[in-house]
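Each in structure tokens, the structures are laid out below.
Shared between the two complexes below is chain A, which has chain B as its partner in the first and chain C in the second.
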Partner chain A sequence: MPRKRRRVVFTVLFRGGTFAALALVLAPAAWLLASVIAKAVPHWRWNVLWTALTPTGGGLLGPILGTLILMAGVLVVAGTVGVLAGLHLAEMATPRRSGADGGTVLRMASDVLSGFPSIVLGYVGYVALVVGLHWNYSLLPAVLILSLMVVPYIAKSTETALRQVPTAYREGAEALGMATGYSLRKVVLRTASPGIVTGLLIALAIAGGETAPLLFTAEFSRTVWTGAFVHAHGFGYLTYVVYTFWDTPSKSANYLSYDAALILIVMVLVLLVVARLIVARSQRYSEGRTR
Partner chain B sequence: MTAVGGAAGEAPAAPCRLDQAGRPPLRRAAGLLRSGETHAWRWGARVAVLLPLAGLLFAVVVLAVKAYPAVRVNGGTFFTGSGFKIGSTYAVTTHTAGVAHPKGSFYGAWPLIAGTLQTSVIAVAVALPVSIGCAFALTERLPAFISRPLGFAIELLAGVPSVVLGLWGVLTFGPWLARTLYPFLADHLPNVPVLDFFKGTVGHGEGLLTGGLVLSLMIVPIITATTADLFRQVPVLPKEGGEALGMTDVEVAHKITLRWVRSGIIGATALGLGRALGETMAIVLTVGAIFRLAPNAYSPMSTIAAAIATQLDSALTDGTGFAVASYAELALVLAVISVLVNLLARWIVRRTSHLGAPVGRAA
Partner chain C sequence: MATEPPVAGAASGAAPGLSGGKHVATGTPSPAAGIPRVDPVLDALDPDRGRPANVVETHGLTLRFLDKTILSSIDMGFERGTITALIGPTGSGKSTFLRTLNRMNDKVTGFRYEGSVTLEGRSIWAPGTDLLELRRRVGMLFQRPNPFPMSIRDNVVAGVRAHRIAKGRQLDVVAEQRLREVGLWDAVQDRLNDSPFRLSGGQQQLLCLARALAVGPDVLLLDEPTSSLDPISTEYVEALLAQLAPALTLIVVTHNLAQARRVSHRTMFFYDGRLVEHGPTDQVFEHPRDPQTERYVTGRIG
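Showing the complex of A and B:
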């Protein structure tokens, strides 16, 4: 092929290829969404949302509440620890003598933890908490392990958000005679709050959609949560319904599994869209747009 | 109205006692409160930042302690042998190297280790070119008002719970592949080494290739987001210079943009690989979770993560606890592999860009 022709062909292939790649991702994504809806909607009953689960069918009240309770627990535990850890890494860690940012070891630990497979964390929870501490399958071990899983993510997003707060704000606060803690709360954290909240919402979406670490810490229960943190006989949540109910012989259980998948997708999408809206809103008024 | 004053016209009350800095008590209390707040933040943050480290050490110690007896008994065959046998739980317990285990127990995880690598390699091999294509389309080819919503759609894909993706994989995507793509691949691929792995019976869509493809869908958002961010950091002048010299789109992309961010893309890929290695639910549902080395690309098999998720229950039937210990060894192997891959990835990404972690958890 002549050189000129070859360049033209490559250009066309490249342009077509980039769009084909985009289509290769977006088409399955759309298909996934459409098939979840198509499986759930024909048999959808609204009372799924408020009826309890029975051995023969019923609704998903228990699992829905369970997932929300797990998310609330993660918000309290991982939210507190993660935001404070991010605060430390961004604002307080002593810089190294070389001038590099401090907290290297801690950040590294956080990275290693986020690379830990979630099923392995679940196994650790099972061995150490469920069996080791005789907590049994219940809420607390599930929340702790799930929190351990998302804390690195929250810490990282908090740290990133705090680093985007202009130094001038801190200097201004100090010049006005604010105590460090007061300026942290009133100036620095407040400015960074859109970024922090976004990170929290995404972490909640991750936690709500997770199954592997819960299999051996919460296991499952058909009953609505009775208020026990430990020594329960299992704790129900939505992803388990998706995971197990689809290949049971009972048709109504299969439908519940599709319903659970739809509810999960809606929950996660709402969280992610809200997170995105917060980012967009906060960027509208900021001086330097990042994108 | 002042803090100590009375009604108008009344003589001011006796001056209150001032502290050493000359502040009245209320101010002083406020000052204490403020410095107390500073201390509270500082100590709270100090404690909080140690908790992930503590949790990590705790997890590693638990795994190591649990796995130690299994490591002593299983030895090297754990990595080369094939098959998990709990052994006879009713018969006599035997002792090897001072560790009690049921007679006839055998643990060889080679099929699981190989399966983990196979699914992950397929996932990365498919996801990498697709992600780079997407990143080019999003950053260079499409106007912002189209690329922004599309980029967000890809981000949303990263948020889809893996178990939902797995359900779709086993109910819809897998069977469709087995009807359309797999017969085509099996018929038309040449019978040469590596590719002959794709010959043979295609099954019903539960197997290695389905798992790999579903995994690739999970890691595409990670690699795309990172790569697109890297592309945005490539300065515009070299690219314009290339075009001014008469380079085509491909040549600019290949010789300037890609070369500029090459190591960053390697890092992003490793990050996706780390995620693929540790993924459980999508794999459990789509690969069939059968303990064996896949004879061809379409056959049901299992990975380390899937084996832990599906088999730990039956491991509990071993009264000596040796099966649970062997699963601890399995978990340890998985953790070591994916942590190493992740650290490598983060090290490369951090060295080559000013990004923190890209979207999503890495595992």
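Showing the complex of A and C:
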């Protein structure tokens, strides 16, 4: 085959391959979205958003609030721990004498933690917190276990974002006589913030969409959150509704299952849009942008 | 007993008059007995009077990374208000030497030094030395422009803020003054809040120079400051350096021999970890003492 023809054939095949891969990613996402919308919208009632659950139906006020509170709790607990851990790995860990990066043990521990199946973490939470500390099924054990699950993720994305900050910025700050902490706050973190924020929001989306560890730590409850962190009798959240209500005998409960799925998807979309906006705003002065 | 005037500090020579020029200082003329008020007058005429003629000195400076010796026994003085060019092939140690002067090498793994570097007679490694203040006094400009990802105005005053030299509305004044000083004001005055990365490479480098000047350094270290710039920008930066020189002491690493010749008063030639030769630029280029220097400046090695 002449060289030119071979090149053309290769190009066509390669393009086709990349396009097929893209379609494989997009198609299921589009299909899921479409089917959830198709099942939820025809019987949609806005009062689902502000009425409480009843044994046969009602609304989703409790689970919606529950999921939002869980996310807020995860943002506080996992956000703090994860960002600080990432900061340590990227900036503080003392390099080894060979010149290799420090923090090897911590990084490896974090990787191992992220490899744990979430249901195992849930069981750990059940044994240690729900039963061991007599906290019962409630908010705090759920938040702690979800946080444990996403901390490695946040730490990793924070570390990666910090490592991508050009050395030239750090050197420039150093040569101006900025203290390490000062240049970290004013120059380095500012540069890394899009990556850190994106990591945080995706971690939140993961936490909001999780079910297995919550079955062990929050169980479920129809009542709207009363303000108790521990010693409650279960805790409502959206994924449980999605997971259990769809095949109950009650028709209205089946509808709620699809409503909950739709609300979850909208929440995740809002998170992604917020992430985009924050990234765009903090990158006004970044090197890649010239407009 | 009272007839003997007190002897001025022996080392505290400064060139008489205003110029910090190329003259080698010989010592302060003793104030005549009975006219004690002459000192403040002379101080006002020349604020550098009574300070050491050499702002920066190195004594037997040897630099190592792990077991590898980068530079050995460098003895050198950098006279106030002069421009010194550091030339030599890649890997000859000149950049390492430069980065040692504001202690940028300290945190590099395996960095060790022997000998000393003094700034105004005081070792830069002396216990109790404020590293941040040292770097304020010994500024640095890098090979590639490295503005921070913040607005043009914030870039200029970044160091001023960090050292709390000025605040609030004063920062605007500082920003304007320094941008004027580097000749960038007219180009950027309407877009002080824009991203610095919209500027051309030459303008970015000038912005970095304004940022370095804003904290009021005594010494400015320049690591190939024009090697990523076009010829027009290069010429402009060189002219600017010549203007800055009387007030500042400049030490410039350059691979551009013509540039060394154009801008510097003194030249140091490094080769293979040794300071082969140093002296007035004209002499190093016209009548080098060492055959290696001659071969380098005439383009036969390097």
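General remarks:
Here is the rule we go by: the second predicted complex is superposed on the first by the 244 of 291 C-alpha atoms of A that agree within 3 Å, B and C clash if a C-alpha of one lies under 4 Å from a C-alpha of the other, contacts with A are read in each partner's own complex, and residues count from 1 in each chain.
Everything that follows uses one rule, which is that a contact is a pair of C-beta atoms (placed from the backbone, for glycine too) under 8 Å apart; a residue touches a chain by one contact, two chains touch by 3 or more.
Not measured: the values here are computed from a predicted model.
In the superposition on chain A, A:Arg284 contacts chain C only, with no contact to chain B. In the superposition on chain A, A:Leu139 makes contact with neither chain B nor chain C.
When the two complexes are overlaid, the chain among chain B and chain C that reaches more residues of chain A is B.
Of the two partner chains placed by the overlay, chain B and chain C both lie in contact with A:Tyr182.
When the two complexes are overlaid on their common chain A, residue A:Glu174 makes contact with chain C while staying clear of chain B. When both complexes are overlaid on chain A, the residue A:Leu214 reaches neither chain B nor chain C.
Using the contact criterion defined above for the overlaid structures, shared-chain residue A:Pro95 touches chain C, although it does not reach chain B. In the superposed model, A:Arg190 makes contact with chain C only, not with chain B.
When the two complexes are superposed on chain A, the residues of chain A that touch both chain B and chain C are 179, 182, 291.
Against chain A, the residues of chain B that register as touching in their complex are 31, 34-42, 44-53, 55-56, 58-59, 62-63, 66, 129-134, 136-138, 141, 150, 152-157, 159-168, 170-173, 217, 220, 224, 232, 248-251, 253, 274, 277-281, 284-285, 305, 308-309, 312, 324, 327-328, 331-332, 334-335, 338-339, 341-343, 346, 356-357, 359-363.
Residues of chain A that touch chain B in their complex: 7, 10-11, 13-15, 17-22, 24-26, 28-29, 31-32, 35-36, 39, 80-85, 87-89, 91-93, 103, 105-106, 108-121, 123-124, 126-128, 132, 148-153, 155-156, 159-160, 179-182, 184-185, 202, 205-206, 208-212, 215-216, 239, 242-243, 246, 257, 261, 264-265, 268-269, 271-272, 276, 291.
Looking at the complex, you find that chain C touches chain A at residues 102, 104, 109-110, 131-136, 139-140, 142, 144, 146-151, 158-159, 161-163, 195-198, 208, 211-212, 215.
The residues of chain A lying in touch with chain C in their complex are 95, 97, 99, 166, 168-169, 171-179, 182-183, 186-187, 190-191, 283-287, 289-291.
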